[in-house]
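Let me begin by presenting the structure, written as structure tokens, before commenting on it.
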Amino acid sequence: MQTFTQRLANPTQFMRLSARLLPWVAGLAAAIIAYGLYLAFFVAPPDYLQGEIARIMFVHVPSAWIAMAGYALIAVSAFGLFVFRHPLADVSAKAAAPIGAAFTFLALFTGSLWGKPAWGTYWVWDARLTSVLILFFLYLGLIALRSSIDDETLASKLTAILALVGIVMLPIIKFSVDWGNTLHQPSSVLKLSGPTIHSSILTPLLVIGAGFLVLFVAMHLKAMRNEILRRRVKALQLAEVARAASQVVAPAE
Amino acid sequence: MSGFFTLVGRDLRLAVRQGGALGTALGFYLVVVAMLPLGLGADLKLLSRIAPGILWIALLLSALLSLGRVFESDYEDGSLDVLTTGPLPLELVTAAKALAHWISTSVPLALLAPVLGILLNLELVAYPALVATMIIGTPAVSFLGAIGAALTLTARRGGLLIALLVLPLYVPTLIFGIAAISAMLGPDDVAPPLLILTAISLGAIVLGPLAAAAALRTQMQ
Amino acid sequence: MLLIAENLVLSRGGRTVIDGLSLRLSNGEALLLTGANGAGKTTLLRALAGFLPPAFGEIRIENENDDRELGELCHFVGHLDGIKPHLTAMENLAFWGAYLNGDSSGNGGDRLTRALNKFGLAALADVPAGFLSAGQKRRLALSRLAAAHRPLWLFDEPTALLDAASLTLLIDAVNAHRADGGLVIAATHLPLAFKNAKEVRLGPKEKAA
């Protein structure tokens, strides 16, 4: 009797299971995000300083959460590739990178839009924004490294090494950016320290965060399915080449 | 361990014999630093204020330029295969090569920095701080850079890619390098940034060779 | 010493190159790997040198009171020479001798001189290796064999770039090594005059079996 994870490790089983799961996960994501947006627009009060514009944080903050979660997922997948040699680990890492990068970009983009009314400029070297920007660079590095190596097995292992180096360096980078920031700028406008947030703001944030998380899972499942299909097509093509080659060689033997 | 110093010695000897690599890195450093006042305007006050940052960033770029060759020549001429069959673990091979890069490239760049500081009107009192932070901080540049060099060994567009992969990893070194210089010049306590800079370099000396060796191993199959 | 490979499956770039190969080689034996290009000769050699972990099966060495890894027991002579043009022939060899022996004491100068002599390079000891001809560089790479003792010698196309006289030097060295109980495995296109060498032909048939 195989355990659940062992069955999941089998790409065929994964394809069957994910096909059944995907519509439900996608639907759930849509429902949660819709509810979260309702809370954000109709329940949460406008910010007493910034007015309606502050509502952009309901997209900005959850995007930043998912951006970090996405990188953590890639690092866990990389670990799975090296330690457990899980056949789906690299599929997961590869599929997660562009999605994570997209959420990171969304966080930066919304942060910049928010910055114009809040700070009077589209970009401020605020510690949080800077950390997210560097996270974006790490995502770009993963994608660029993979795209510049033709051998897929090699590409998977090298990007996994880079992802693990990244996850080790990320807290250090975050720490150093925070340090540099306190040195040069006294405090940022974006202080959202836990207890001071009112529940009417915190609830929609958490709901949309959960919605984005489920959305990420749905997109990740879909991207993994695409990647598995692409690999199958490639394997079939290689088999075709091998068969043709053996037919040419055979008479000569 | 003796194989370690044999390898460091060979790489240093090669660096001296070839010469070109260091000359190019130093020349690049000079040109980048000289270009900046042309772009920023020759306001001496402004230049003297941002000089430590300019010198650090240009140093990172110059070191990057030479990092690509760290494993490349050994890979291309087959030496890497033979190095792997030695009694030295691959982690120490990568450490030896990163150490040789630090001695042959990063240290000379750090020593050139005060000379370039003159071009930027850097205050004289800042010179010892500048060189000290660079000597302490640059092991991270060579050892983290070795990761990028190893990862991009067989990649297309290796040269550009290495910058994209490695520069974000240099952020802590850059920030604390600058912080240490500002602390030495200002009223702040210099010990914390300097100690953190040291810690980052020590961490890089461990992380770099491990990751670089793993990357080389997969590419030598 | 005994080299054993069992049910070896090797894959490169997601393609299975060697499928279910078993080998057994004991003291003084030589093995020639033949087969068409792409049949997996180089892949097998790289696996034997410890560069490529097998996808399945195992390679092991049974050697009394010696538990070193495969890589540390072999000399790997591939297509590339591993010679630095900016170092002299002697410096190149001295580095490899010291590095492979894990000995930086600078002793063993005699051994290095003898190694250069053996491959007819004594007169070129102080010439930068960049000035050597391709054949001379090849011989310098081979002189590594004599500069550090390793029981297993792995060659990938050793005849490439060697003229008849140099080939004789190589075969003499191989014979002496085997007489000492060493093992030799060579991948080759051309017949090599190793005495009583076993032969394994790699190719599509091997894969089908």
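A few remarks follow.
For clarity, chains are labelled A, B and C in written order, and residue numbers in each chain start from 1.
FYI, contacts are C-beta pairs under 8 Å (C-beta built on N, C-alpha and C of every residue); 3 or more make two chains touch, one makes a residue touch a chain.
Being a predicted model, the structure only gives us computed values, none of them experimental.
Judged by the touch criterion defined above, the protein chains are all mutually in contact, each touching every other. Between the interfaces A-B and A-C, more contacting C-beta pairs are found at A-B. In terms of Cα centroid distance from the overall Cα mean, chain B ranks first. Distance between chain centres (mean CA atoms), chain B to chain C: 36 Å.
Chain centres here are Cα means. That of chain A falls 31 Å from that of chain B. Between chain A and chain C the centroid-to-centroid distance comes to 47 Å (mean Cα coordinates, whole Å). Contact of a single residue of chain A with at least two other chains is seen at positions 151, 154. Contact residues on chain A toward chain B in their complex (touch as defined above): 134, 137-138, 140-141, 144-145, 148-151, 154, 157-158, 161-162, 164-165, 168-169, 172-173, 175-177, 179-180, 183. Listed in rising order, the residues of chain C touching chain A in the complex are 13-15, 36, 203-205. By the touch rule above, chain B contacts chain C in their complex via residues 2-3, 5-7, 9-10, 13-14, 17-18, 76-79, 81-88, 220-221.
Interface of chain B with chain A (complex): residues 147, 151-152, 154-158, 161, 164-165, 167-169, 171-172, 175-176, 178-179, 182, 193, 196, 200, 203, 207, 211, 214-215, 218-219. Listing the residues of chain A that touch chain C in their complex gives 151-154, 238, 246, 249-250, 253.
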